[in-house]
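Heads up, the next two complexes both have subunit A, just with different partners, subunit B and then subunit C.
And then the complex of A and B:
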């Protein structure tokens, strides 16, 4: 298969995907680190490379409202944000998925306040995890491009019709350059047909979208959205297969496994930090340690069955949370609770240990992953898992 | 399990460029982009990036751009800053004052300064970490070119303005003369202002750091 490899950041890779997806409406508002996506798209529109309506939002709430309306009028719409920008728009997420409008929002993670620095933390995007949106993390610029295309295709499938958060770690993925194979327009057109909205706003045939409802209409409305989310698993698998056929890159829709053959203990995480975890696992394998890495690719819908089946192969799983979830069970993070729930009532007992790491955008270092693997090794050896979660670097 | 030296990267060279916010962001970035892309042509693994925490939109604040060139795949890609530079470049001479520009340098490190002044004069202002310095290199880049000021290429976006149009053309030539980190011909292919690079290469002054330190501080 012909390749067109260029070195670029996750931001530029995403912008290239948005261009190839031939979006109609873009709404921007600046905040680091996702800003690079919008500055790249603004350049593409200004240089005539992309014919799209580029709207400057007055804030993130406005941004989401603009693409909400654009999507309802039949446009393929794109927006994005980071950190407090993501949470400022919180009100608008549920109406968009409630109206079943499959627009896309890129999130390049940034910590909330405090510490409010530019660093990456998954907390911003995870705050919005239960709003009926598709959500998953890219771990490289290439995957950022691919997620953008795949998510539009999944979200716009008539069986789904849901919006998508295509997430990438701020800085680590959004700003560090990687090799990206940019597909041709013909490939993308073959994979992603034009967006056809099922209820287009039309001044000649006016309808009301988002009206006030009576309480008794609530259960049915929410159940429909629940069914839409639950019905996505099959579509995810179909679209990933078709993606591999068209573009030659094969991803498992749910989990990426690295060096997991005969592994006893694995690190389980999502996003760019998986790259460092893999480096450490590789070195430990060279020393004869039976370790591996499992990377979660799709957080919503959560692949309960696949997580249970895959993790059942191991003795101990270390779950790395790159978010704050103060007061959550076991004092760790949401990924640990999801994994534990997936493993509940499982025939085989699998020990899980939570690690909260990389907060505020601190790099999760090779040494830290090494120490995590050491904890897992001890749990595997002794069967004792007394301290169920660790906050790094303070508790390990 | 033993952690001793497990994650060392002996084949890795680090380049740190110090510049002044807004006026020299692009020039600092161009230095690392040109050098690393030339190294890539020579089959090396590379990384070029700007310091994420510096405030590049504030005029004249010190900002940093980094490059990594390695014989092996780079595993420390996510480390925010170059912790042990082999090459330090200053886009502007007053950066010798008040900033620990040589922090963490490896033994044998080379310092390259855009200045018309002599290395003997400039070394007097550098108060820390000079013991690992092997060479001081100067080039009067401002006499050959001027800084290109643009936001194009900021925040990880594509630089549509071209690489090596301004003082970076002179600075990279000086780096190559002082270090031979890449072949000069490979570098020339990448930069827009080739005549400035050639002139700078001829005019660059390279001196042994030990001998001038003995002379200056004797």
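And then the complex of A and C:
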């Protein structure tokens, strides 16, 4: 297959995907690090490379409201944010998915205030995880481009019609260059048909989107959205297969496994830090340790079945949370909670240990991953898992 | 009130727009104060008609303006924006019906 490889950051890769997806309306408001996507898109529109309405929001709540209306009028819409910008728009997320508008929001993670720390941390995006949106993390600029295209395709599928958060770690992915194979317009057009919704705003055939309704209609409305989310598993798998056919890059929709053959203990995590974990696993393999890495690619919908089946192969799983969830069970993070829930009532007992790491944009260093693997090895050997979670670097 | 089966809920709750009035959501009984027009003062500038968030102001060529009390929630925006001071809000309890 012909390739067109260029070196670029996660932000520029996402902008290229948005251009190839031929979006109609973009709404921006600056906050780093995601703003690198918008500056590149603004340049594309100014240079005539992309024919789209580029609207400046008066804030993130305004941004999401603009793309909400745009998507309701039948436009393919794109927006994005980071950190407190993501949480400022919180009100608008549920209406967008409830009204089944498949617009896309890129999130390049940033720590929530205080303090005014602009480092990467998954907390911002994870705050919005249960709003009926698709959500997953890219671990490289190439995957950032691919996620954007795949998510539009999945979200706009008539069986789905749901919005998408295409997430990438701030800086670690958004601002570090990687080789990106940019597909041709013909490939993208073959993969991503024009956006058509169930209903559009049209003065000739007026509809009320999001009307007031009586409380007895509430349960059914929520159940419809639940069914749409639950129905996505099949669509994810179909679209990933089709993506491989068109673009030649094959991803498992749910989990990426690295050196997991006959592994006893694995690190389970999502996002760019997986690359560091893989380096460490590779080195430990050379030393004869039975270790590996499992990277979660899709957080919502959560692949309960696949996580259970895959993690059942191992003795111990170390779950790395790059977010704060103060007061959560076991004192760790939401990823550990989800993994434990997926493994509950499983025939085979799998020990899980939580690690909260890389907060505030700190690197999760090689050294820290060595220490985590050490803990896992010890749990595997002794069968004792007394301290269920560790905050790095203070507790390990 | 019986819960409506989910199959009977329109997709995403979206419904055809009523051209005039939505019988499924009558809001006039939320009102605690009723707008009353002093037709001597009213200059028919239509400012209230422009500003009413619920399209409850009826314009008539030969009669004074009046309000659709089936939907008027009594928010008072009309009285606030009226340049002639022709609209006052009167407590609902002052009315017989």
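The criterion applied here is as follows: the second predicted complex is superposed on the first by the 396 of 396 C-alpha atoms of A that agree within 3 Å, B and C clash if a C-alpha of one lies under 4 Å from a C-alpha of the other, contacts with A are read in each partner's own complex, and residues count from 1 in each chain.
By our rule, contacts are C-beta pairs under 8 Å (C-beta built on N, C-alpha and C of every residue); 3 or more make two chains touch, one makes a residue touch a chain.
This is a predicted model, so every value here is computed, not measured.
In this superposed model built on subunit A, subunit B and subunit C occupy separate space and fit side by side. Subunit A is touched at more residues by one of its partners, and among subunit B and subunit C that partner is B.
In the superposition on chain A, no contact is made by A:301 with either subunit B or subunit C. In the superposed model, A:198 makes contact with subunit C only, not with subunit B.
Of the two partner chains, subunit C is the only one that A:98 touches; subunit B does not reach it. Residue contacts after overlaying the shared chain place A:174 against subunit B, while subunit C stays out of touching range.
For the combined model, the angle formed at the CA centre of subunit A by lines to the CA centres of subunit B and subunit C equals 120 degrees after rounding to the nearest 10.
Applying the stated contact rule after C-alpha superposition, one finds that A:208 touches subunit C and leaves subunit B untouched. Once both structures are overlaid on their shared chain A, subunit B and subunit C have a minimum Cα-Cα separation of 38 Å. Interface residues of subunit B, counted against subunit A in their complex, comprise 1-3, 6-7, 47-50, 52-53, 75-80, 151-152, 154-158, 160.
Against subunit A, in their complex, subunit C makes its touches with residues 1-9, 11-19, 22, 24-25.
Touching subunit B in their complex are the following residues of subunit A: 8-12, 15, 32-33, 35-36, 39-40, 43, 47, 117-119, 171-172, 174-177, 272-273, 275-276, 279-280, 283-284, 287, 289, 363, 366-367, 370, 373-374, 377. Contact residues of subunit A toward subunit C in the complex are 98-100, 161, 198-199, 205-217, 219-221, 223-224, 227.
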